[in-house]
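In the two assemblies presented below, chain A is common to both, partnered first by chain B and then by chain C.
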Partner chain A sequence: MKKTRNLYQYIGFIVFGVALILIQVLSGARIISTSVTRGFGSYMIHVIIVLGYFLLLGYAGLASLGTAGFVGLGTYITGYLLLHTPLPPLLILLITMLVGVILGFVVGFISLRIEGMYLAIITLALSEMLSVLFKNAIGFTGGTSGLNTYGAKPKLFGLILLDRTNTFYFIAVVVVILLVLTYNLTKSPVGRAMLSMKNSESAAQTMGVSSLKYRLFAFIVSSVFAMIAGFLYMLYYRYSEPTKWTINLSLNVLASVVIGGTGSIWGILIGTYFVFSLNDTLLTNFTFFQQNPNAFIFLTGTLMILVVMFYPGGISQLIFTIKYKGKILLGKLAKMRAEKKEALASQAAVAEVALSPSETDQKMKEGDEHDGKSAK
Partner chain B sequence: MGKGIVSLYTILQTLVSSIMQASVLSLSAFAIMLIFKTSNTTNFAQGMISAFGAYVAAVFFSDLSQNLILSIIIGIVAAFVFGLLIDVVIIRNSKNITPVGKQMITMGLALLLIGLIPMTLQKNTPSLAVLVEGNISFRFLGETLVVTKHALITFCMSTVIIVLLFLALKFTKWGLSVRAVANNEMVAGMMGINTRWTTAFTWALAGGLGALAASLYGPLAGMATSVGYMTPIQIQGFMAAILGGFSLFSGPIVGALLLVFVGNLFGLGGEAMSLYKELIVYGIIFLIILIKPLGLFGKKVIKKV
Partner chain C sequence: MMEKVQNSVATEHTTSDDVILSLRNLTMRFGGLTAVSDLTFDVKRGEIFGLIGPNGAGKTTAFNCITQFYKATEGDVYFYPKDKAEVHLNKVAVHDVIKHGIIRTFQNVELVWELTVLENLMVTYTTKYKSIIVGSLFHMPWQKKEDAIVRDKALNILAFLGLYHYKDISPYGLPYGIKKKIELARALMINPELIILDEPAAGLNERETEELAETIRMIRDMYNTTIFLVEHDMPLVMGISDRVAAINFGKLIGIGTPQEVQNMQAVREAYLGSE
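For the complex of A and B:
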């Protein structure tokens, strides 16, 4: 039972990845416009950031606002290494991930000393510190004018040139891998332990869950995910500047997890789409949203407040409710259909009474038996 | 190390030049503190609420009247009412939400305002002017120091306001009820204090203080182009509050003064130091928190389970 459910989830993730790849293929055939495809490219990168944050907030219950700084650092490290070293992309990915581990370890360690509510402030300050670095360390980041890697020609395995199209496919593959990883993690003992820590740290510790271990783990995973996203961002956009990595991004990442709800990964995927890509891929067709690019942020903020206040489960909860209600409805429908059949059968039986009395007796008997069965 | 090279004049002038930042930051930190005490949450929308008030003032100033003082007062009133509304509509109805959940509500509020202000108030890039143009020079310890009149007025005004607020907290009935709610909301309610309006009033007051700070800081910080110009101040306000600790009302203000004056003195230690002074100051604050998690003046509240 459990195995088949896992299998369904995996198939779902793969279908999701294939659908994303299809978007780029259709774009190549000029069926989908380039700007929409770009919107989905940005969507996939944000999905990775949000997945890491989902583990941190949804499972470990730690609200951080440092995400933007981490992703930014990932882009700059990638950009610097692409420009100044002949390292292959996968090795660069490994290096950025390693930096993510170190950074996550440091933040996690600081977080152990700080009560839950102050954590957001500390991580926000950390992001701000990184932003100072992005603006001023011109040799490394290009300063306020930004860093571009238009000149670099990274090749995957030394064979596939990572241009926009190929990078899109590459990101889609990474997204599917990370989705499966995240799903497995949430269903594993580690995920359960983190969830127990979120609900009550004292109770979790009493049951032998090490707060130190899992907090560090949650921070490390989320910052590694942020670093991977930064790496992919640099490959896809080939440009990074300090104004991208501000508190607005961190707030939006938080908003996608809150709106998506922490119940299921599908809710998160929808939440991320709502916050980061609905505007780029759909709403730009309306003049109101073209003229007011900020209108969407307003909607996000309003929705976030409403969700926290009145519907804390978010979209995941909505999916669950629909599923549950749907099951009940289906059950009712099936019952109604069965009753209808029975009614029809008895009608037929009544109709047959006039024709042949002997047969009718038999039918009546069957009907009685049937009723008896259903009563049992 | 640097002290031998840096002259007394540079040090004094740096300190004098910092008073604008110090006053704005103190007002913001005090507003953050008020809300923290009564609603037990850190208000991440503080910067945007302040900016909202300043933009109302700016729209009024550039479109309707050329009276700066009147415009600023209208902006303050607008932010005051806005703060009141936030409490009455949102915070009051989320009593049962965890502190982190409330924090998220304020973050949502920040997003809401980041989206709303450019659509409505900031459309024609309004801006405020400084109160009085020009500089004042004066002699102190044998050195001639220069300060802008705007900064000096701001400094005097915020000092008076903060002193008045401390006196009010200490001696008025309102101050007593705020302190009571801060201590234990439930018991305060049982003792006949109207906790709802005490909390609502602190939100309103925080909005008003923020709007004053934002209106005075706006013309210097380029409010016409960047909506989030109060966000750095808000982050510094949080760091000041963490440095001073949330236990005493004076903690964040001491933290703010330390952060500004000591931070700017660090900036004198050479080019690298001045570029990365925020990095250094925040780094030092992190170290202090690792040693004293409740801030410099923090007191541990023992919780019985």
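For the complex of A and C:
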């Protein structure tokens, strides 16, 4: 039973990836506009960031507001290496991931000393420090004018040119892989260990779960995810600048996890779409949102408040409720059907056995005669 | 005037086969406050040993020093696992204590709400998984086998304690007595040599406390384990303990069988006040 549940999830993720790839294909055929496709490209990159954060906050229970800085760093390292070195893109990806491991290690260690809100503040400070670095290390990042890699023509495996279209496909593949890995972690001993650490550190320690090991792991994973997102961002947009990597992004990532809920990865996918892509891919078709581009921020904020106050499980909770109610409904329908079947069957059985009144009299007479005695 | 019953305790830490846990001059200070002072006693293998004392006597502090949630300011805690070398617990990190076969429960039951009862039990085996991170990321086949073994064990223990039908639900919202039992079940997962219970009767009514006494005895007999409990509830601790130590103001004021300790003047004074 468990095996098939996992299988269905994997299939779901693959279908999800295929659907995304389809969007790009349809864009090539001019059925979907490029701006919508761009919106989904952005969506996929943000999904990766949010997945990492989901593991950090939802499973390890660690508050961090440093995500934006890490993603930004990922973009700049990628950009620099693309422009100034002949390194192939996959190797650049590996390097950014390694940097993510180191950063995750550092922040993980810091988190052992600092809890909750103060950890969030420290990570925010880290992000701000990176922001200052981005603005000032002009040789590395191009400062406030930004860094562009229009000149670089990276080729995957030395063969496939990573233009917008191919990069989109590449990102979709990476997203599916990371979805599978994230899902695997949530349904594993590591996932259980992290949840125990989140719920009760004392109990976790009693059971042998080392805070050091699992905090480090959580921060390393989320940092690596952020780095991967940065790498892909640079490949896709070929441009990065400091204003993109601010607390704004970190807070939106947090909002995605809150609205999406930590109970289900699909909830996270929907939550991320709502916060990052609903506006660009759907709402801008309506004049109200075109004229009031900030109206959407209003919506996000309001939804966050409503979720936290009245529906803390977020969209994941909604998904579970629908599934649960659906199961009950199906159960009821099946029961009704079974009862109906039984009623029909017993009616038929009675009809077979029952005789008409005249037949009954006849049978009784025959029986009496057989007994050799007439009652009359 | 302190009355003290001599028990078979070696004054230096020489071992006798009898002793499983040994406290030597255990002292815990928090700044200017001395919570536990010069605590010295032994717990014998296979017995049910109780630690009693009025509120604020230092029971919980002593408890935390033994289980390494606090590192004692002075003094030592030695553990003597069967057929293995002596362990100086002061040197052991709190999350490594379980590896030696010692497990504790919590007064305010500490279960994981976001996991099912079954999964709560399975977490105790976290350290025994091979290459847990690689195994978890890729759902490696070896991990599936490990999971099956751990799951089986957990189900058996749940059945043993009459908790089987709770296996797939979250402990959130379950009756308090059931939650306490689940914590006990969790403690049994590693076949512990020493189970340390932190006020297990807290919040239980009389009937539930009797049930608990039964369960503790059953566990000691079935699992051949030693039980050390810190407790307030006199009927429980006096009823099931083989020996009892009484402390007050962080100091040991008496040790012996429940009968003996009950009759000690110092113990009476601690609980009832001097006349």
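Here is the rule we go by: the second predicted complex is superposed on the first by the 339 of 376 C-alpha atoms of A that agree within 3 Å, B and C clash if a C-alpha of one lies under 4 Å from a C-alpha of the other, contacts with A are read in each partner's own complex, and residues count from 1 in each chain.
The definition used in the following text is that a contact is a pair of C-beta atoms (placed from the backbone, for glycine too) under 8 Å apart; a residue touches a chain by one contact, two chains touch by 3 or more.
Keep in mind that this is a model prediction, so the values were computed, not measured.
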{"item": "Overlay on chain A: chain C relative to chain B, clash or fit", "value": "fit"}
{"item": "First (chain B), second (chain C), both or neither touched by A:251", "value": "first"}
{"item": "Partner chain in contact with A:205 - chain B first, chain C second, else both or neither", "value": "second"}
{"item": "Which of chain B and chain C A:189 touches, first, second, both or neither", "value": "second"}
{"item": "Which superposed partner A:158 touches (first chain B, second chain C, both, neither)", "value": "neither"}
{"item": "Contacts of A:132 with chain B and chain C, given as first, second, both or neither", "value": "first"}
{"item": "First, second, both or neither for A:86, with chain B first and chain C second", "value": "neither"}
{"item": "Partner chain in contact with A:114 - chain B first, chain C second, else both or neither", "value": "first"}
{"item": "Comparing the two partners chain B and chain C, which touches a greater set of residues in chain A", "value": "B"}
{"item": "Chain B and chain C, minimum CA distance [Å, superposed model]", "value": "8"}
{"item": "Those residues of chain A which chain B touches in one complex and chain C touches in the other", "value": "202"}
{"item": "Chain B residues touching chain A - in the complex, by the definition given at the top", "value": "41-42, 44, 90, 93-94, 97, 99-101, 103-105, 107-119, 228, 231-232, 235, 238-239, 242, 275-276, 278-279, 282-283, 285-286, 289-290, 293, 305"}
{"item": "Partner chain B, residues of chain A touching it in the complex", "value": "61, 63, 65, 110, 113-118, 120-122, 124-126, 128-129, 132-133, 136, 202, 246-248, 251-252, 254-255, 258, 292, 294-305, 308-309, 312"}
{"item": "Touching residues (chain side chain A, partner chain C) in the complex", "value": "6, 181, 184-185, 187-193, 195-196, 198-200, 202-211, 217"}
{"item": "Touching residues on chain C, where the partner in the complex is chain A", "value": "67, 69, 93-99, 103-104, 106, 110-115, 119-120, 122-127, 129, 132-133, 135-139, 143, 146-147, 186"}
